[in-house]
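Scrolling down, you'll hit the structures one after another.
Next come two complexes, and both contain chain A; in the first it sits with chain B, in the second with chain C.
Presenting the complex of A and B:
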């Protein structure tokens, strides 16, 4: 018989080992999936995890892509992790990402074609504000009416997607090309372009922002009362109230930070790699960032590594789609498996599995 | 000499790192009232769990009426005539009395017959119970009767009772004792677990005392003084707390006609509460659990907000201020639940020192935490209050109850408050630690702070309090000087005595 025993203290070894084990198991199960699709599993795994960085044929294109894909993931995940630590579950970063992009693009399109150094900073502020505003909807509904922030924030993603489509087809459509959906290409509007800062590195302002966010979050969580209160509220809500933490304030702060960072990520994307407001602009960064946050153990430094890994699967996924005709959805399954295995493995951080002989009453 | 009912021979049980029971032997006679005495952690629970078939001994054997007895499961123990009433009731609020009783039986009869039997048995033993009432509506004393009646229906030879009086008023205790004496006269033995010495001296004819997992003595408790028993239990000489006579100063904390709805659907709302606490005064508030103690503490701590003017600290209205604001003004609290409320279980003692000390000890500047200073503060508390722990990096949940309580109360005392409010300061704490905590509270009052102690332990309140009041269903009685109060009067203040008198009359 199998028996579960709660550990006296969570195992430190498994806390660190589990993310690696989850990656290994995902490769294994992913390999089985690729084999079932009739592809060579070894080639597919290599294409996803190794070729984007090490292959001579692909690396020149893929390497800069790594930072381009990872930066928004890290930026969003850092914000989400703060809320997750406090037990506040913002699942709707994707929506905040879209609204942030629309706010940023809106500022740019309003100034078009004027030059001006102040336009891009204004877009940054607008993007963060847009994401913040979108996150305030679940925050206020939760604090006022005790609604569940998981449901509200998630459902608002679909609202945001409809708004995005409406904008791409209506208000923000490029007036010079009325036949096509989508806004003007911001990459061709210098004052609003989030350009690469160093040629062929993929480093744009979003990468810089992600780095700053990581440092900011690290300092906050380890040195600041706010970080202490966040952890307190997540671990022992009653002790938090004893310590004078206001649950309402914490909900607003956590959803606000994660919303603003997701909005920023959306803004940097639409003004740089994405280029324009299109219906298919949202590519799931907001959801993948949830995986990044957990894989990084809700720790800002861990999130950097997890973000790079998941960024890699994006690029590798495109590559394997191109080279092996593996369906695009397979890569999402792949990312999902990663989270699935991690959560399943995390069970043994807190519990010990014991085999016992005979039945027990 | 009466016949031996149960003989324990060399029972031992170890858990990883602890020897819970070490070679324990004694006998319980038929119809005997046998007390099992010991501090928390002395091994009482492990021992009775072995007798009741919840835990298997590592070594030793038990003999019940001349036959080897080794129950593998509680149902086997029950079949052989051993019944147990636990300290924490296992009853379902949403079911009625008869249904609850039926759930605990091996072969319950039809509910209608059972209801009849419950009525008969409960009347016979002076424990009136209406089988059709919902358990959720019963008082703690009545719930205990359900558990006892459930045991009696199975006609036990040995009834084990684990700390039965901790939830009862003095009058309810009297009723329980009469029942137990009647059982004993009829030949049912009772193994009575407690650390309340006066009770044991009043009730039992033999006592076995455990300390640190070993048996230290078997004696007749009526021949020993309470103090002698306590010293056997603790293994050291106890000094009662010193309480210098002192005049009280001006009023520091005042609550006026305050009514407040509980934030918990099963809680007790506060009704029209008024009292004053003066400098240097220790005000004790008694009451059976669940009569508004938690709400009173939350309201005073600032976790529940009240109309500002009805709670005043040194004359200033504070009713609408949060906990940290109140700490800043000099009011600190130590809630009943150590783990999870007064301390975060998975955080270190240093982090827990920050929890309430951040403001008054200036452990943060502009929101940034001075971890060095915080650790220093934690060390200070650990040293001053003799908290037994390897160091301030240890998680709060790794500490024993007594040590964590010393840390929590010590932390608040170190904040040098004008008013301190504590709820159940020595609940589940060993006698030595309890003495330290009580002395620390008295010392603080000696320095001129107002001290408010909420407790269910009357002995504790009589030991430390200058003034006395009781909570009953959210109402606070008038505050009276503690000197000269009799236990009888206190019982009446705690209320709930009315139907108990009726119970006696019905029984006699």
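Presenting the complex of A and C:
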């Protein structure tokens, strides 16, 4: 009979190999799904994973899009991964992303139409602060009242979505176009515009911030005491407590960092690619970033690749919608399947399959 | 003045309808958590039930067959969760999240041709003279069958957990899986059954939304009901009747908020509609403040994976 045997040490090989295997399996299962939708699976998979980068016709548009979509995913996922490592589950990044965007846009709209070099840096600070503040709600409720941070952070996403709608329809609505919901277009306000830094590359300040965050997180997790504490708390919470790691401090730090990074991502989005505060502004980056964090093995460098891959599925999804009329939701299913396969495959990391002969003694 | 225009009997009736979806999902999740498993995929299973239930009901013309389909849909996702967490020993939190993300995507795909359709009407259960009683008739005895089934289910779960042998085994598995294993109970089988039951309940709750409460199918229509159900289990301290009380309390908040919207209170709709979430958080804070894991009455082995070493 078949049985699982726990490995003494998690297998390093499978830890690295599983994400690739999961992507391959997802492509396979995705192909079946596309076939069920009546589309040619090979064409669909090529359209999603290959054409956005290599096709002559689409690449000029979609190549810059890759960084635009991936940057917020990476920025958010890097922060989430630190918390996940410590066993602190911030799953409300979507809400922190929204509030960060509102804080950033709020600063911009307050200064409108003044010019000034200091406006954009102020928006950056406000965005990070907004996300931080929103993440502090579950953090403080957790540390003060022992309230479950998973539920609170998630429920706050719905609250943030309602605040976003209220702002788009009320306080932040463009006074020059009162008939339309939505704020002024920040792309037309030079001092607040998060413009492309190099033409046709898609690189804006958010991409730079994501890069800095990755390096910062990598150094922190591998070289700094705090990173060690995070790992310790995740793997052996009791040992961590005896070792003098304060759980309260860790909760505040982990939620604070991930909230601030999510807020930054929202701010860079609203002042650049998104352009304005609209009801439909939030596009699920905060949730997809959870998949990115896991697919990247909670490792900052892994997250870069995972973020690029998931960013690619967004662009490829749009492309396949345009070319093959594949519904947009198919990409969501795709992303969900990816996480499933990854989690399922991971049993190989911790367990070994043993075939034993005969019945049990 | 505004409140005066609301008929209390109608309010009570609306409250029961508003509470039923989350009550169904919460009572299922309560059993799951009592067996020591934390399934954060309630939202995903609910939306699955909402979607499958709607599709089946529209195609068969029978809401009851729709509800059966919804339960099966929820169970299918729950089985996936059970496979991951029980057979493949994956992290329960991550697997539950995956379930929710996957469910939201899959239903958006499955249901896209069903947007804007009206489902077959679920008839009111005919309770004869009871429905004619002044006040009480209007408030309590003019509902569809699912409302009564949900209350019966709460009673059944209460009896099952408290008095039946199987229920005690389930609780033993949830409180201390090592001890239960040593006694010879199959921890994984008990948990598998509990997870599947939870999926069926969540599916029913979702279908109640799409077939009766709204009644329509829209993408992502559960808008956090599954998460509120999860919070409700904590609020109820894992006790079935308290889950019922909590759900009705919550239903009251929702209905009051909707009535205030309709009455045209000078608060923007967006702020009123965030009140259910805020109140859920507030209640969570009150319930969990100043207490440890023990006094909260959480099952001892909740969210701890079990792997028999021999």
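The criterion applied here is as follows: the second predicted complex is superposed on the first by the 357 of 361 C-alpha atoms of A that agree within 3 Å, B and C clash if a C-alpha of one lies under 4 Å from a C-alpha of the other, contacts with A are read in each partner's own complex, and residues count from 1 in each chain.
To be clear about the criterion, a residue touches a chain if its C-beta (ideal position, glycine included) is under 8 Å from a C-beta of that chain, and two chains touch if they have at least 3 such contacts.
Quick caveat, the model's predicted, so the values are computed rather than measured.
Q: Comparing chain C with chain B, which touches more residues belonging to chain A?
A: C
Q: Based on the superposed arrangement, let me know which partner A:6 touches: chain B (first), chain C (second), both, or neither?
A: second
Q: Give one of first, second, both or neither to describe whether A:223 is in contact with chain B, with chain C, with both, or with none.
A: Once the two structures are laid over each other on A, A:223 reaches chain B alone.
Q: Contact-wise, after the overlay, does A:339 reach chain B, chain C, both or neither (first, second, both, neither)?
A: second
Q: A:324 contacts which: chain B (first), chain C (second), both, neither?
A: In the superposition, A:324 touches no partner, neither chain B nor chain C.
Q: Which partner chains sit in contact with A:232 here, chain B, chain C, both or neither? Use first/second/both/neither.
A: After superposition on chain A, A:232 lies in contact with chain B alone.
Q: Thinking of the overlay built on chain A, is A:165 touched by chain B (first), by chain C (second), by both, or by neither?
A: Only chain C is touched by A:165; chain B is not.
Q: When the two structures are overlaid on chain A, which partner does A:241 contact: first (chain B), second (chain C), both, or neither?
A: first
Q: Pick one for A:145: touches chain B only (first), chain C only (second), both, or neither.
A: Touch partner of A:145: chain C, not chain B.
Q: Does chain B (first) or chain C (second) touch A:155, or do both, or does neither?
A: Only chain C is touched by A:155; chain B is not.
Q: Any idea which chain B residues touch chain A in the complex?
A: By the definition above, chain B touches chain A via 72-73, 301-303, 322-325, 327, 333, 335, 337, 340-347, 351, 354-356, 358, 364, 367-369, 371, 395, 398.
Q: Any idea which chain A residues touch chain B in the complex?
A: That would be residues 9, 223-226, 228, 231-232, 235-236, 238-244, 246, 361 of chain A.
Q: Where on chain A does chain C make contact in their complex?
A: 4, 6, 89, 91, 141, 144-148, 150-152, 154-159, 162-163, 165-166, 169-170, 287, 290-291, 294, 327-337, 339-340, 343-344, 346-347, 350-351
Q: Okay, in this complex, where on chain C does chain A touch?
A: 40, 80, 83-84, 88-91, 93-95, 97-98, 101-106, 108-109, 112, 219, 223-224, 227-228, 230-231, 234, 268, 270-271, 273-274, 277-278, 280-281, 284-285, 288-292, 307, 309
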